[in-house]
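What follows is a pair of complexes built around chain A, which joins chain B in one and chain C in the other.
What follows is the complex of A and B.
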């Protein structure tokens, strides 16, 4: 092997390229020289971020269509919204709108816009521009009702321009989540010019905003580039740096292979390593050894929950079995084993950073004996193979997974085996998943959505609101006797204008989901990034994205 | 010769049509509604549409008509260079492929060149050593190369050459340097097969009477090996190169993911995952066309490489 290695090394050192190699690779030189021409300039203030692979299902950077959280991180720094959400308190605070009044019926909002704000193409941000943005989103929804932004724009009827800096947004019915929606990237205000382009062009990067960075280029699957917006100065109070960004450029790369991504980071080729899944204990040890810091934040919205298919004939239609399943999951060892010792243990249906989060810790206690007793009482007896049987039929649940399993899925399989439940993992590509969900051929599925408001639960679980793809699954979560009660709570949360009423509605909804075991929380959806020692000023937004205008990078 | 060329081209076209037809059958006649999948990729839910809208969408995606009608329509469009539209990639399929193809051609091309140099070089070397123990050891080595999984080898090479030694980039499409590791990883499997074939070929040739004659003429060992044994033993490799090019491109699916390259391989992988039928169909057709073309070329090369082979006499 040593000889072989020396052989290879020598081969590369000499760059022993035969004439054939040169001829065959002439093609790549063209691509290469083009790449190297750019980017040589201001190395010192360029921040390099590595994300997981680009969205394989939908190539789009259009804020209204984007659900992919990595894209929303980028967009947060390019496009801005009427309001912002304070990451510490979850309160809605001024941004492009310096103040607002809610109509008495909760169905209209009068926004007073900040003066002097311009889009990066020079157009002013005024009431007309805001109206154009809301109307364009509504028009897009008419052509594509399943779009991600539907739940955010819910109820929007029209906008009235009162004067250049005052606009009234009128809803056809109350939507308590609307104010929070105006703080999201989804309802960000783009320049009128962006809406003159087609949705397809916006998807591919025709995005003009008022943010501290300008989107310079986007190459799907490869990466994108942001450059500093000169003359910026209207950040919300949640951001430390109110003026121009400290960085000149931000380079984002999509790297699908984890070990390559990690290796590039430890070598210093990446400044911020930002994969979708939290780091393992071993990764954290390596990164910290290299002087890196880890930043974490629970993503607001539902936790990583499994949702049952309670349709008649499926095993989880039995409430007793659902209860036993809830007791069989050891969430503490899940967090410790799959992630790390200080990883938070999930406490309820929502992640702890979500406003109106309610801890259901006691009800989610690990109790394998209790689970066994329940199963025993329901007639599921242990067979020779340690699985439970009733009428000769094995107690088996089908868990459908998006393409591949994680260590956590295997751990869960093992935890359930301990009480005699067989968990079958079924790996489906997205196309198959849609078919399986609509046909109801599954028992458990994981769904989630990131949004800094409990209304996110409605987007995931209420079939009237759930987006494309998960609507079929949402239909299977509620048994007929509980469905109406859940619908009532969803509606109560939607129309409540007072904070107390929302707290009550969403508190009861969280109780309903856990008391009836219609959601099986597995872990808190923590988003982690690793930052090299050169990076400072990194701060999370309320929705778990980042404001990069405050970030500094020393050479 | 012209007659042979014509019949061989006709055969090639037939193979191509077969590949297209089979791909169509598999993709469009699979269980599951292709319309639901296409709509979902575009962010729409079939359940939310009225029957009129569904009919409209069906027409839009070219899914109206019987499967046979659709087949001929798609074939007709494909023959005119129109491979349809990828809803989830927001781009025409032909444009996607044109963007990605140069990356994969460069990777595949360099990998084929590497594999020939490595395989032939190693095979020749292994057959030339005099020590019987070393010769046997070297002859067994290619089996190792055949059995190494390419994704694992790729990661190993990244760790050695990119992360430990820092000589080559670990990932990306940035120029020739970023091509070396993936091309080498991709080449090793084919190289090992060429080496195995050449070692056996040279061994067999060394027992042939004309080799004895060559020695009797007073030629040196090196001259005999290169001029007489090698020319005879190398011919089957040409056939194999044609076949291996197909494997090389299918190997690109894995390699492009490991090395974060954006080529046709990764496009195909993602398209399969999201059941982006137009893209998969176009990639399958394109690779089949490439495969058929290379093998036609190999067949036509034979008479030039070995004058004893004459296609005309067969025709």
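What follows is the complex of A and C.
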């Protein structure tokens, strides 16, 4: 017995000793890698950004095709546009074009280009290069009409090179959103060499621009790397640092798992934490406790709205039910519960940073009693299970989700349950989603798009412009008696060249959507980032992206 | 080597035989009540395990007896409330009571695990009996099929099945059931092979009993004891597998939540509100340990 016990103890000791050795060597390894990292930091400043997942539907960095906002942040620092948009006022200001004149008919623009601008491969930016870019985009659209850039390039006919630094862009019909489109990454000007490559090569990173950073590598789903462009010096006035970037390198990683992403940030392995969804109150407390700062901006374009399927036979074809649904949503509680106490409450169809935004606050008030009255009057009576029934059929709505259900979706589900509406959540993978949308087998779906112009509404909701994947959903939003009126307002906004006319058209459109309850705003799409104490100089662009050339990082 | 494995085999047989004897004994009303109580008191682990399982089954059958909270009611003011007098296990990120959610989740989890074990038990028993009794080519074919299933990790097999048949509690149960079925088939077959050669079976055959009668009256009742023990053992395994699949998001549609879903939902709050994941996790652990403890007791034949 004794021998046995001694043997056991010895074994245990030996095990403990080897475990200690393993632990020690792991520690030294960690220390060594830390040293290496900080050693590299003293020579070159690297900024590490962690985004949510890479785009699962479309692997592309091609500016004309990209709608994924994380990619557009990156592209904003690599490629540049003819104009820029002032983040404070939403006005269009000079960038690669020093000045421009709009033709009398609103269908042509004469741009005078800035001199001395070169692409990172040495080619000069001149009128010929701009023409190549626009023509290449048009040619691409001819092969794939559903591309994201279609709405931006709408009406583009041809470009006339007048001299090396003057170019006239001619549209076949007026497009009031065109000038704003020239400020976006979507219509950015790439080097002629980029357009000699195939669209697929561009998608995988053959992007040559004039920006303050150069794209060094892109590995889909993993990350990408930017390096400083030497000799840069033509930023727009909206950017603090007009010269070369302060940072040497930027490392971007895609981290889909929120807990991992947040953990890396709190451990100091990430400098800018930049997920898609805003942070919760609890996360913000942890980050602030670590000395981090939170930057936020609401993304211009439609708010996070649910759009109904009003096709005949679906429950939401009934305007009274839509009205009751609108009244059953408690938006203040949504913003406070899912996000944080100072989170803005959504006020209308558009986010507050969108030009021509109109507040519809009064019409979006929470009124569960009013909703209950409407439902009672329509013959939906409460059953034993607290859901409402008519003719033995439960009042049930199917909400199809692009991602796994969030806390917000569950909160909405419970808010509707309080008035007796059952909300079924169904997460669909992209293929199933497209089938469900085109077959009309859903009641509510969320669609959105980020663009610093209310014309974004048209890209989302006008079936003539919506991307192929969600075109059927756009068609299902408008009942036949309202469709023509909506189309008229979309067109009025598109061709109106005077600010007042656009304001009126888009104001009426926002009213139309809310008065007929064809959009159910849930929350303001606020984009938030957490910045470590080492990072300074972070600023948002008008579209909610960032120009990283003015960012500094202390080692 | 050979000796070793033989002795291992024979110990296993002894334990199985003891298990059978124990089952038989527990069916006979020979032990007096007081004596039985004394046995139980000497084994507090068993009492605790029985109490935990009893709690789970009550929760599954009548959750409203255990909690007055509505598991789906959101109370924004109480979001991420820590465990306390009002919310025994705390509240989640939209203010739903975690204790109520665990209690109400029991019925889904228990249901899924029971269906899974039921499928594995019945399918395994049928396949094993046919293979063991028929022998020859039938045996070889069925056993090679079982070998193929055994070669795949059971969780991976379940994942493949669930991707094919869709999400939900019943699909999860079916997937887990098929995943653990091969063990049942194997155990049944070996028992049938053993029982088949025993003298009383031969006597029955010589006495003119038909094949079906021999199988149903003599072989089946005498070979299912160890399979029942395996079923109680695998109940714990099934709970873990079901929780694992619902953790991965294959379980019931929200807002209904199985235990695994609760653990998964708390993941993002591991730093700020660790109880959201830990309490459901510890609860699953307690239930699985309890199920295992009871199964071991049955196996040892000392109730």
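Keep this in mind: the second predicted complex is superposed on the first by the 510 of 555 C-alpha atoms of A that agree within 3 Å, B and C clash if a C-alpha of one lies under 4 Å from a C-alpha of the other, contacts with A are read in each partner's own complex, and residues count from 1 in each chain.
What we mean here is this: a residue touches a chain if its C-beta (ideal position, glycine included) is under 8 Å from a C-beta of that chain, and two chains touch if they have at least 3 such contacts.
What you see is a predicted model; the values in this text were computed from it and never measured.
By the touch criterion defined above, A:222 reaches chain B but does not reach chain C. Once the two complexes are overlaid on the shared chain, A:481 sits clear of chain B and of chain C alike. Legend: residue contacts after superposition of the two complexes on their common chain; A:259 is shown touching both chain B and chain C.
Of the two partner chains placed by the overlay, only chain C lies in contact with A:337; chain B stays clear of it.
In the superposed pair of complexes, A:471 makes contact with chain B only, with no contact to chain C. If you count the residues of chain A touched by chain B and by chain C, you find the higher number for B. Judged by the touch definition given at the top, the superposed model places A:500 against neither chain B nor chain C. In the superposition on chain A, the residues of chain A contacting both chain B and chain C are 259, 263, 266.
Those residues of chain B that touch chain A in the shared complex are 31-33, 36-37, 39-45, 47-48, 88-91, 102-103, 105-106, 109-110, 112-114, 116-117, 155, 158-159, 161-163, 166-168, 170-180, 184, 257-260, 262, 266, 270, 272-275. Taken together, the chain C residues at the contact with chain A in this complex read 72-74, 76, 79-80, 93-95, 249, 253-255, 267-273.
On the side of chain A, the complex with chain C involves touching residues 258-259, 262-263, 266, 280-283, 285-286, 333, 336-338, 404-405, 407, 409-411, 413-415, 417, 424-427.
Listing the residues of chain A that touch chain B in their complex gives 8, 12, 18, 20-21, 24-25, 27-33, 35-36, 56-60, 65, 144-148, 200, 203-204, 219-222, 253-257, 259-260, 263-264, 266-267, 269, 403, 429-432, 434-435, 438, 467-469, 471-472.
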